[in-house]
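Two complexes come next, and they have one chain in common, chain A, joined by chain B in the first and chain C in the second.
Up next is the complex of A and B:
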């Protein structure tokens, strides 16, 4: 199994995670994905990729370092994002019941191996 | 944004708002312009429509030669702006979209909301077929001028 697939596999094994994908934040396109049925990876990659790129620009404009982890919380769940190297970002779609702390640890570890 | 047919306006307006596209041209597969956003001169519209329709016709023929199905979209990525050319089916026949966008948006965002617009156009299109009137050579220039004036808001 490739490093990318292994990283996605570890994230999606966390309870409550509905899917994980790697996207290019500049293009908003999916690079790799492991998603449950009904999760639109293309939309997540496009919208979350754009958000991460804007957050990085905002942080840069404020003289700060780019975010290492983003948690976007909604009523029914959350989008988690961990930017990696080369403009790639690891994204996860999680339900309300998800173990976000464990998902965060797995995502940061997997994002560190993205290149 | 200007459209020759009113039912095109809402889907196109939604696409423009969500995608942040700089220029958009909707045309039939023969290059007849249906709607435009961002163009200021009729010459630019005519040139872009003719080139876009020609490129799509070429790529569709290439796809046919290669034994495959039609290409869905052609992307040109530039450093300051990028361009997407895509053909799609509508109840009024096969149309072509030419979309130019900059670094303020992304390929993924443009593709995502473009697909939404195609779905909205399919549901907004009038059920009755378009009225076909014979196109006479002596009327051609007058009708072309009238369409371009409408597209440029004159």
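Up next is the complex of A and C:
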């Protein structure tokens, strides 16, 4: 199993995670994905990628370095994002009762191996 | 270190995602090791933000530490997750009573009694509050102790201690201020309230070099809110509630106090994200009240 696939596998094993994918933050193209039925990877990549880029600009405006982890919480679940190297971002869609803390740790570890 | 604490610490170390933190933090709290209890509970709240027990536990620890505003927020979070949680209802009743708001204290105790009519301690507390409410104006120790929270050691602060002033919402008839964040509830700096068009309504934000960055950041935030709303809606996640962003050197959280505004709260990265979240929730409540007054 490749490093990328192993990283996705660890993230999707976390309770409550509906799927995870790696996308290019510049154009939203999906590089790899492990998703449950009903989760549209391309939509996640496009929507979350755009938001992450804007948050990076917001952080820059505040004199901060780019985000290393983002948690967008909705009424019925969350989108988690961990930007990695070479313009790649690891994204996960999780349910409301997901173990976000564990997902975060797995995502940060996996994002650190992206290249 | 006692055996049970050693056992629980080992279990938590071997399985960080377990719920052993609840028992460990409570054991530490009961032994008066409040800093250690706080660290354990903080990790648990961060790992299980949707667990009412974790917020209830955190509230008891904060109450013991004398952080009554923090305890109020944590019990409020517990009630948001579990509206019938009697421990949280009793805890908030205790805080309201300390603040001199007897009616609110009785209201919370009555809700607790409805939720658990078989708990004699609730009825005893209600009876004592009603009996002693006449003496509430005088800072007698008996009054302070009338509503002890479940298993909590009453903080040593006097009845009119300053922290509770931040915990209890201001009266609705209070005059509107220039900014919602200058009344002592929150620091003005590091909190930014922005309208739907990216214009700053209140608050200040400094860049790393000390220059004012509020307007620059405000201009980005209107777009962030729209994009967040679009992403959660289209992915079937409902309305967006918050965005937590970890950046080297700082944590910041975005929330929407109203449909037309966005609030940013930023703190140094040494602040746990869950704590920044609590600050943001409190700041959002403050902002909502202020907007109602100035609107």
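Just so it is clear, the second predicted complex is superposed on the first by the 115 of 115 C-alpha atoms of A that agree within 3 Å, B and C clash if a C-alpha of one lies under 4 Å from a C-alpha of the other, contacts with A are read in each partner's own complex, and residues count from 1 in each chain.
The rule we apply is simple: a residue touches a chain if its C-beta (ideal position, glycine included) is under 8 Å from a C-beta of that chain, and two chains touch if they have at least 3 such contacts.
None of these values were measured; they are calculated from a predicted model.
> Report clash or fit for the pair chain B and chain C bound to chain A in the combined superposed model.
With chain A as the common anchor, chain B and chain C both fit in the superposed model.
> Please work out whether A:45 is in contact with chain B alone, chain C alone, both, or neither, and reply first, second, both or neither.
The answer is first: A:45 touches chain B but not chain C.
> Pick one for A:100: touches chain B only (first), chain C only (second), both, or neither.
second
> Could you tell me if A:64 is touching chain B, chain C, both of them or neither one (first, second, both, neither)?
A:64: touches chain C, not chain B.
> For A:5, select first, second, both or neither according to whether it touches chain B, chain C, the two together, or no partner.
neither
> Is it chain B or chain C that touches the larger share of residues in chain A?
It is C that touches the greater number of chain A residues.
> Measure off the angle at the C-alpha centre of chain A toward the C-alpha centres of chain B and chain C in the combined model, and quote it in steps of 10°.
120
> Classify the contacts of A:26 with the two partner chains as first (chain B alone), second (chain C alone), both, or neither.
first
> Per the contact definition in the header, classify A:36: touching chain B only (first), chain C only (second), both, or neither.
Touch status of A:36: no partner.
> Across all Cα pairs of chain B and chain C, what is the smallest distance in the superposition, given in whole Å?
9
> Could you tell me which stretches of chain A are touched by chain B in one complex and by chain C in the other?
Dual-contact residues (chain A): 43, 47, 50.
> What residues on chain B touch chain A, complex-wise?
Answer in residue numbers: 105-109, 111-112.
> Please name which positions on chain A make contact with chain B in the complex.
Chain A reaches chain B through residues 23-24, 26-29, 42-43, 45-47, 49-50, 53.
> Once bound in the complex, which stretches of chain A touch chain C?
Listed in rising order, the residues are 39-40, 43-44, 47-48, 50-51, 54-55, 57-59, 61-79, 93, 96-97, 99-102.
> Spell out the residues on chain C that touch chain A in their complex, using ranges where they run on.
Residues in contact with chain A: 16-17, 46-50, 205-209, 211, 213, 216-217, 219-221, 223-224, 227-228, 230-232, 234-250, 252, 266.
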